[in-house]
Amino acid sequence: MAPVDEKVNVNQSPGGGAVDSSQGKNGKAKAEHPSGDRRFKQLDITMKRHQYKPDALIEVLHKAQESFGYLEEDVLHYVARGLKLPLSKVYGVATFYHLFSLKPSGAHTCVVCLGTACYVKGSGDVLKALEEKLGIHAGETTADGQVSLTTARCIGACGIAPAVVFDGTVAGKIQPQDALARIQEWS
Amino acid sequence: MDTLTQATLTQPKIRFATVWLAGCSGCHMSFLDLDEWLIELAQHVDVVYSPVGCDLKEYPKNVDVCLVEGGVANEDNLELLLQVRQRTKILISFGDCAVTANIPAMRNLMGGADLVLKRGYLELADDTRKLPHAPGIVPELLDRVMPVHEVVPVDIFMPGCPPSADRIKATIEPLLTGHKPVMEGRSMIKFG
Amino acid sequence: MSRTVVIDPITRIEGHAKISVFLNDAGEVDNARFHVVEYRGFEKFCEGRPFTEMAGITARICGICPVSHLLASAKTGDKILAVKIPPTAEKLRRMMNLAQLTQSHALSFFHLSSPDFLLGWDSDPAKRNVFGLIAENPDLARAGIRLRQFGQTMIEILGGRKIHAAWTVPGGVREPLSAEGQQWIRDRLPESFETVHLALSLFKTLLDTQLKDEIHYFGEFPSLFMGLVGKHGEWEHYSGHLRFTDSHGNIVADQLSEDDYQEFLGEAVEPWSYLKFPYYKPLGYPAGMYRVGPLARLNVCSHIGTEQADRELQEYRDRFGRIPTSSFIYHYSRLIEILACLEKIQELVNDPEIRSDRVRANAGINNLEAIGVSEAPRGTLFHHYKVDENGLIEKVNLIIATGHNNLAMNQTITQIAKQYIRNNEITEGMLNRIEAGIRCFDPCLSCSTHAAGQMPLHVQLIASDGTVLQDVYR
Amino acid sequence: MDWNELLEIAEHERSQQKPIRLHCCTSTGCRAANSIAVLNGLRDAVDEAKLGDRVEVVGVGCMGFCSRGPLVQIDPNDDLYEEVKPDEAASIVSTLTGGTTSAIKGDTQHPFFSRQMKVVRQHSGKLDPERIEEYIAVGGYQALHKVLYEMTPAQVVEEISRSGLRGRGGGGYPTGLKWATVAKMPGEQKYVICNGDEGDPGAFMDRSVMESDPHLVLEGMAIAGYAIGANHGYIYVRAEYPLAIERLQKAIQQAKKYGLLGSQIFDSPFDFKIDIRIGAGAFVCGEETALIQSIEGGRGNPRPRPPYPAQSGLWGCPTLINNVETYANIAAIINQGADWYASIGTEKSKGTKIFALTGKIRNNGLIEVPMGITLREIVEEMGGGVPDGDVKAVQTGGPSGGCIPASMLDTPVDYESLMAVGSMMGSGGMVVMDQTTNMVEVAQFYMEFCRGETCGKCIPCRTGTVQLYSMLTKILNGKATKADLDAMEALCYMVKDTSLCGLGMSAPNPVLSTLKYFPEEYRERLQEAIAPTPPVEPTEQHGTATAPELLAQ
Amino acid sequence: MSVKTLTIDGKDVAIEEGATILQAAKEAGVAIPTLCHLEGVSDVGACRLCLVEIAGTSKLLPACVTEVAEGMQVQTNTPKLQEYRRMTVELLFSEGNHFCSVCVANGNCELQDVAIQVGMDHTRFPYRFPNRGVDMSHPSFGIDHNRCILCTRCVRVCDEIEGAHVWDVAQRGAGCYIVSGLNQPWGTVDACTSCGKCVDACPTGAIFRKGETTGEKERDRAKLEFLVTAREKHQWIR
C-alpha cells in the first residue's frame, strides 16, 4: 500500500465508498455465503481453526486476502459475521495494515523497496522511472489492470540494495533500466 | 484625568492604519462598531491609511499600528502585506481571516484556485465565458489562501469573526499609551 | 499619446476595486473601467456543506450586509424544508433587514460619502474621511455614527451579535425578541428619526447648491431598474415579486418570481474584472443593463406605504420626475429608505405579535432545489442551492446586489471621467469624483465577488503598443 | 523424547552427514541472486561427478556477506565462492577433485569475517534450517533440557541476569530483570512473545536469524517460558518475511514432532506451545503494546505504559516480550554459562551484537561483533570503507536513531555510548553514508517514514511528523527561514517529549542528530542564506509618535 | 482500600489507591486540560493534553491513566507543559478544518475552550487543509470529519455504553478518520440505535444533530453521566 500521504484518505473518506446496505442484511440471514463461492469455504475453515475467536481477525484477513486477492466488502462482511465483530472494527483493522488491500491489484505487482539501504542506493530513482513508464503513482494500478506499483518500507534485503519485488520474487541491485526491462516482459 | 487623556496631552499622535486583504470587511465593520469611541480615538491617532477611513492610496512609511484584516489570497494581497510589514511597527492580525485564513481558506480544500475560478466564470456565466485575466489589473489568485503570519511576522493576534468592538478597543487602547495588550482569555482570543 | 490612469484602490467603498481610465491620443477619455480585484469562490467551496450551514457561511461573504445573506440563505432553506415560517419569525426577519438597511445606508452616507459633500471633492485627501468629518462637524458625525449604531444594535438585540449573527435559520429565527430589546428599540427610535431628517434636509440643501451639477454628470443615463415590489406595487425588501421598470416609468416585466431568475437574468464575464456582468436577458448583453438598490427600489415601487417616507418620496419625484436616472440620486434615495425603515421598525416593534416565542418551524428535506431572494441595502440578492437528499449542497449560485449594477457602474465612471478629465490634465480631485461615482452605488464588493483593496494610486502612461512609458505614483 | 534420544538423533545425524559439504546460501538475499539455481547446479554436478558418497550439497542459511551472493562455501576447507553463477557450479565441484574454477573466490581472512565473533550466528550458513536434525546435531535443544532438569526457573532467571544480556530490540532493557518481573507477577496464565517484526529499514538481522537458525529462537522462547511460568508463546513475524515464516512453521512442526514443543517437553511437566502471528505491514507493531494489540486482532495502536506488558500484556496477562536476537542468545548462555557470556563486550553492554552493515560501503552484509568494538573498526576495517570517497556519517538505530558523523567514528558500539552521541543501538541497522549524501534529505527520508508509519492515535506523532516533514521539505526547497528552523527544532522536542509511544518519542531523532552534527547543511538552505531579504526594514521603523516604551521594543 | 498521599502543584492530596492523577487533581481543585478523557468510558491517553511532570521521572505522563503513588510530587502547569499544551492544540487546529466561525459548536466546543485555556491565539503550524467529507445520511445526526480531532470518545461511548460499536477508526496516521460500519454512510449502519450518545460525547462540532446551525450545538453531558452512574452504581438518578 502506498505511503500514507495526507491526501490519501480522499478516496476512502466516509461517504465516498457507499455500501449497499442490503448486502449486510441479506448476509445476516444465512450461515453460508449465498454465492456458493468456494473461497468462502476456505475462510470458514480458517475461522473454525481459530474457533471463531475475534482475536483471529488478522489471521482470517490474511487468508481472505490470499484467497480473494483483495478484501472486497462482501468478504469483510462475511468475516465480521463469522467472528462476531462489529463492521467498523473489521474495517478499521483492514485499513490499518498496509498489506491488506481493499482494491483489486493488477495482474502483476511491482514493489519497490524504499528502506534506508535501498534509498541510499537510489531506489527513489527506480521508483520514479517506473512511475513515469507506467504513468501511475505508487499505490496505484494501471488503467488496464496489468500492473500495480507499490512501495515497501524495507523488505530486509538490504545487502542487495536497491531491491524490487516483481510478482513476489525479490530482485536485487536493480537499476532503473533493469526495472523497466522487467516490466517490459509483462506487456 | 484618565491615562488616555493624559497620554494625548503628552504624546504626539499614533500613525494608525487598517488594511483589508481577503476577508468580508466584517472586522472593519466591527471596528466601526466602536461607534462613539471612534471620536475619542480620532484624538489619539492619525489614520494614515484605511479603506474605510482614509483616501490615501499608498501605504505610507512609519506607520505605528496597523490592523490587517483578511487572509492572503492573491498577488495584490501579498504585495500590499509585504509593504505593510516593512513600513509598520506593530502589525496586528485582525480577525479570524487574518489569523487562520478562515472562510476564504475553504477554497484550499478544493486543492488550488482553479476549481473555484472555473465554477464562477465558466460554469456560472451565460455569456462570454472566460476566466478573468488582466495582468497588472486583476491579480492572480494564489494557489492557497494563507493567514497573515504565514507570510510576514505578526506582533499581535486578535482572533474573532469578527472580533467584537470591545475586543478591538481592549486591544488598541493599551497601545495608545505604549502598552502591549494582554491577549488572554475568552473575551480576547476566542475564535469564531 | 494614449494613456491609462489607474485608481487603485478605490477607497471609502466596501471592497477591493480599481478603476482604469483610458485616454486617447488627444488626451480625451475613451473609456473607463471598474475592476473588482478579488474573488473568493463561495460558489465552489460551499459544495458538500450541509445547507443548514449556508446562512453562517454566506454571511461571511460580507461583513457589511451579512443580514442579507442570512435572510436569502434562510429563505432558500425554508423552501428546501418547504415550510411556512411562523408569522412572528417573518416579522422579526423583516425587522432585522430593516435594521440592516438603516445601518448600511447610514454607513454609506455618513461614514463613506459625506466627507465628499461636506469637505469638498478637492479637499485634502489625507483628511477627506470620517475622521476628518469628526474633526470638521463632530455633531453630524456623531449623529451618523449613532444612527448606524442604532441599526447594528438592533441586529445585536435580535441576533446576539452585530456582525454575522447566525440567527435567521431555515424554518424561522433562533430566538424571539426580548422585552428589554423591544424597549431599547422604542427608546432609540426618536433620535434616529431626528438624524435622518437632519440628513435629508442637509442633502436637499446641498443638491440645491454645491451639488447641483453632479446630478447631471454622475451617471445620468437611461437604464432598466429592478427590485422587489409588494402585491400592490409597493416598496418591499423581504418578499414580494420582482419588477423591471424602464427610464420612462414603463413596467417592462412584473410579478416575476425569483424561481425563474435564470430566465430573465444572464451573467457575462469580462477578463478585466472578477465581478461578473448580469444583464436582463431579453435585451441581451450589454444592452440589458439595469440598476438595483435604493434608486431602483424607489423607481420600481408605486409608493412606500409609510407616511413620512411617502411624503419624502413625493417631494423627490417632484424634483426629478417619476424616474430619476442619475446615479447620484442613490444618496438621496438611500436617505428616504432609512426613513421608511425607521417607520416600519416602529410599526413592527409595536406589533402585538412581535414578542411571540413561536419563531421556528421544523421539517425534513422536501425540495432538492430552491432559490431565495432578499433586498440587500445595495439591491436584490439571489441564493440558489441544489442539495442532495441528505441536505448536502451540490451546487450553489449567488447573484449579488452589487453585481447587478456592474454595467451601470462602468457607464457611470466613464461619464464622470469624460466630464472632468480634459487635455491630459489630471488632478486628485478629478480622480476622487470618479471614485465617488462608484460610491453612489455603495457597492459592496465583498459581496459582489463573494469574493472582496488597497494599492497606490498610480498613473501609467501606456504607449499604443502596450509598453509602459511612464509610471507616476502620487 | 528424553536426553538419550536427543543425543542419539544428534549422533545419527552426524554419522549421516558426508565428509564434504557444499553450503549454498538459500536465504532471501542470495535467493534473489538466483542461488536456488546454483544449489541445483551443484547437486547435479555432484551427481554427475558421482561424488554422492562423500559430498553433499546443503541449502543453508545466511553467511552474512549478502552483497556478494550467491555464496557457496566448502566445508571443511572453508573455501568461499562469491557471486556464483549457475554455470559455475560444475567447476566449483570439480575443485574437489583437483579441477579449477573461474568462480570468484572470497577472502575468508578478510576482517569482514575474521573480526566477527559469532554467538547467535554460530551455525548460520552452516546448517540446513529446514531440518531440525541438523540443529540437534550441533547441540540444539540441549540447553532446554538442561534448564528443565538441572535448573529451577529462578535459577534460569538468575543466570540470564548474571549474563548481562540486554534487549536486542533497541531499548537495551536488562533481559534478566524483565524476566524476573514477569516471573514474579501473580497469575496462572502468562505469555512469551517473540518480536520478529523487525521494521527498521536497513535492518535484517532478525530475518536472517529466523531464516537461518529458527530452532535457536524456539529454544530460547521455550527456556523463557519455563523461567517465567508461561506455557504459550507467540512469534510475531512481519509478513514481508515469507521465508522466515515458512521456516519457523516447519521448525515448530518438527519440534512438536520430536516432543521439543507441546506437552510434557522432554517428558517433564513443562508444556510449551508456540504459535506464529503474521504482521500485516505496520512498523508501529514493533512497539510492544502495539504488537500485543495486533496479536489480539486489533489495530496496532500502542497504549500508555504503565502498565507494562510484564504486568498486563496479552489479553491482560503478564507477558514477556523479547526480540528475536535476544531469544537467540539464550541457549548459548545456558550452555556456556553466564560468566562466559559476561566476559564478552563492555562493562555495561555484554555479549555480541549483529549489525546489518549497508549503504555506501564496500562490504555489505551481516556481521556479529562483540559489544564495544568501535564504529571505525566496523566501517573501515570490516566494511572496507566507502567505495569511492569518505564516510560522512553512519546512521544507526533506523528511524528512531541518529546520524553519527565521521568525526565520531571512534565511538564504541554499546548502548550507552551510542545514546550519548544522540543515536541509539536500535535493532542493529547501520547505514553508511558518504560525502554525496545530503543529510537534510536523510532526515526528510526518515520523517517521511515516520509520518507514514505513525498509527495516528496521539496527536504529536500523528500531526507532528507531518508538520516536521513539511518543514524539512520547506528547508530543502530553500523556502525556510531561521525562524522556521527554530520552530522545527522546538517541535522536535515537543514530539519527542509528548508522544505516546517509542515511535513518536524517537521520530525526531534523525532530525535532531543531523541538526546537531550537520547544522551547516540546514543553514545553507535557509532563505536568508540564499537571498538576504529581511522581513522588516531595519531603518525608518519609528513612527513620528507615541509612547517610548512601545517603540523601544 | 488504602489511601495514597501526594502533592499536586504543591497541594497535598489524599486519595484512594488506584485513582488516577486526574482524579486526584480534581479532588485538589487543580484543573488539567483534557480532550480525549470522558467520564464513564475507558481512557486512552491519546490527546496528550493532560501530561504532567512527576518528580523523579523524566517522562511526561498522562494524568488520565497514570495511577497515584505514595509520595508522588506532581506538577501540572510548568512552563514546559504550558508550551507543549499550546503546541498540541495548535497541531490539532492545523490538522483538521476548524472554521470556528461557522461551526455548529462555536461557543460550545471543548477544543475552542482548550485553545483559550492554553492561550492559543494563533497556530504556528501551517494548516493542512485535508479534504474530508461530511456524512448527513443519518436521519437525526450528521458527522463532519473536518472537525474531528480523533479523540475517539464517540467510538468508546458507542462501544462501552451503548454497546453498538457503530464507530471505529479507519486508516492510520494522518489518514485516520472515524468510520461508521464498513465505511458506509452512517444512516445505513444497522447497528446504530440512534441513541445520540456520540453527539453528546463529541467535544467539537464533528458529530451534531441535524438542523443545528452555527453555534447551535448543545450537548447533553448529563445524560451520559446519568447512564454511567446507572450502569456502575445501579442508581437511576437524574
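For reference, chains read A, B, C, D and E in written order, and residue numbers begin at 1 within each chain.
Please note the rule applied: a residue touches a chain if its C-beta (ideal position, glycine included) is under 8 Å from a C-beta of that chain, and two chains touch if they have at least 3 such contacts.
In this text, all values refer to a predicted model and were calculated from it rather than measured experimentally.
Participant: For this structure, I'd like the pair of chains sharing the most C-beta contacts.
Facilitator: Looking at every pair of chains, the most contacts join B-C.
Participant: So, comparing each chain's Cα centre against the centre of all protein Cα atoms, which one is closest?
Facilitator: Taking the mean of C-alpha atoms per chain, the most central one is E.
Participant: Taking the mean of the C-alpha atoms as each chain's centre, how many Å separate subunit C from subunit D?
Facilitator: Taking the average C-alpha coordinate of subunit C and of subunit D, the gap between them is 72 Å.
Participant: Suppose each chain is reduced to the average of its Cα coordinates; what separation in Å results between subunit B and subunit D?
Facilitator: Subunit B and subunit D have C-alpha centres separated by 56 Å.
Participant: Once you find the CA centre of subunit D and the CA centre of subunit E, what distance in Å lies between them?
Facilitator: Taking the average C-alpha coordinate of subunit D and of subunit E, the gap between them is 38 Å.
Participant: Could you check subunit D for residues that touch two or more other chains and list them?
Facilitator: 282, 299, 451-453, 455, 466
Participant: Pull out every residue in subunit E that's touching 2 or more other chains.
Facilitator: Correct list: 101-102, 124, 126, 128, 130-131, 133-135, 137, 169, 171-176, 215.
Participant: Got the subunit B residues that touch at least 2 other chains?
Facilitator: 102-103, 106, 109, 161 - these are the residues of subunit B that touch more than one other chain.
Participant: What residues of subunit E sit close enough to touch subunit B in their complex?
Facilitator: 93, 97-103, 106-107, 112, 115-116, 119-124, 126-127, 129-131, 146, 215
Participant: Note which residues of subunit E are touching subunit D in the complex, please.
Facilitator: It is residues 44-48, 51, 60-62, 65-67, 80, 83-84, 87-88, 91-92, 94-95, 124-126, 128, 149-150, 169, 171-176 of subunit E that touch subunit D.
Participant: Hey, which residues of subunit B end up touching subunit C in the complex?
Facilitator: Touching subunit C from subunit B are residues 19-20, 22-30, 32-33, 35-36, 38-39, 42, 47-59, 70, 73-74, 76-77, 79-80, 102-104, 106-107, 109-110, 113, 115-121, 124-134, 137-139, 141, 161-162, 164-165.
Participant: Residues of subunit D touching subunit A in their complex?
Facilitator: Within the complex, subunit D contacts subunit A at residues 28-29, 31-33, 65-67, 69, 198-204, 207, 239-241, 277-283, 294-300, 356, 358-360, 364-366, 395, 398, 429, 431, 433, 437, 445-446, 448-449, 451-453, 455, 466.
Participant: Going by the contact rule set out above, which residues of subunit E touch subunit C in the complex?
Facilitator: It is residues 101-102, 104, 133-137, 142, 144, 187, 210-216 of subunit E that touch subunit C.
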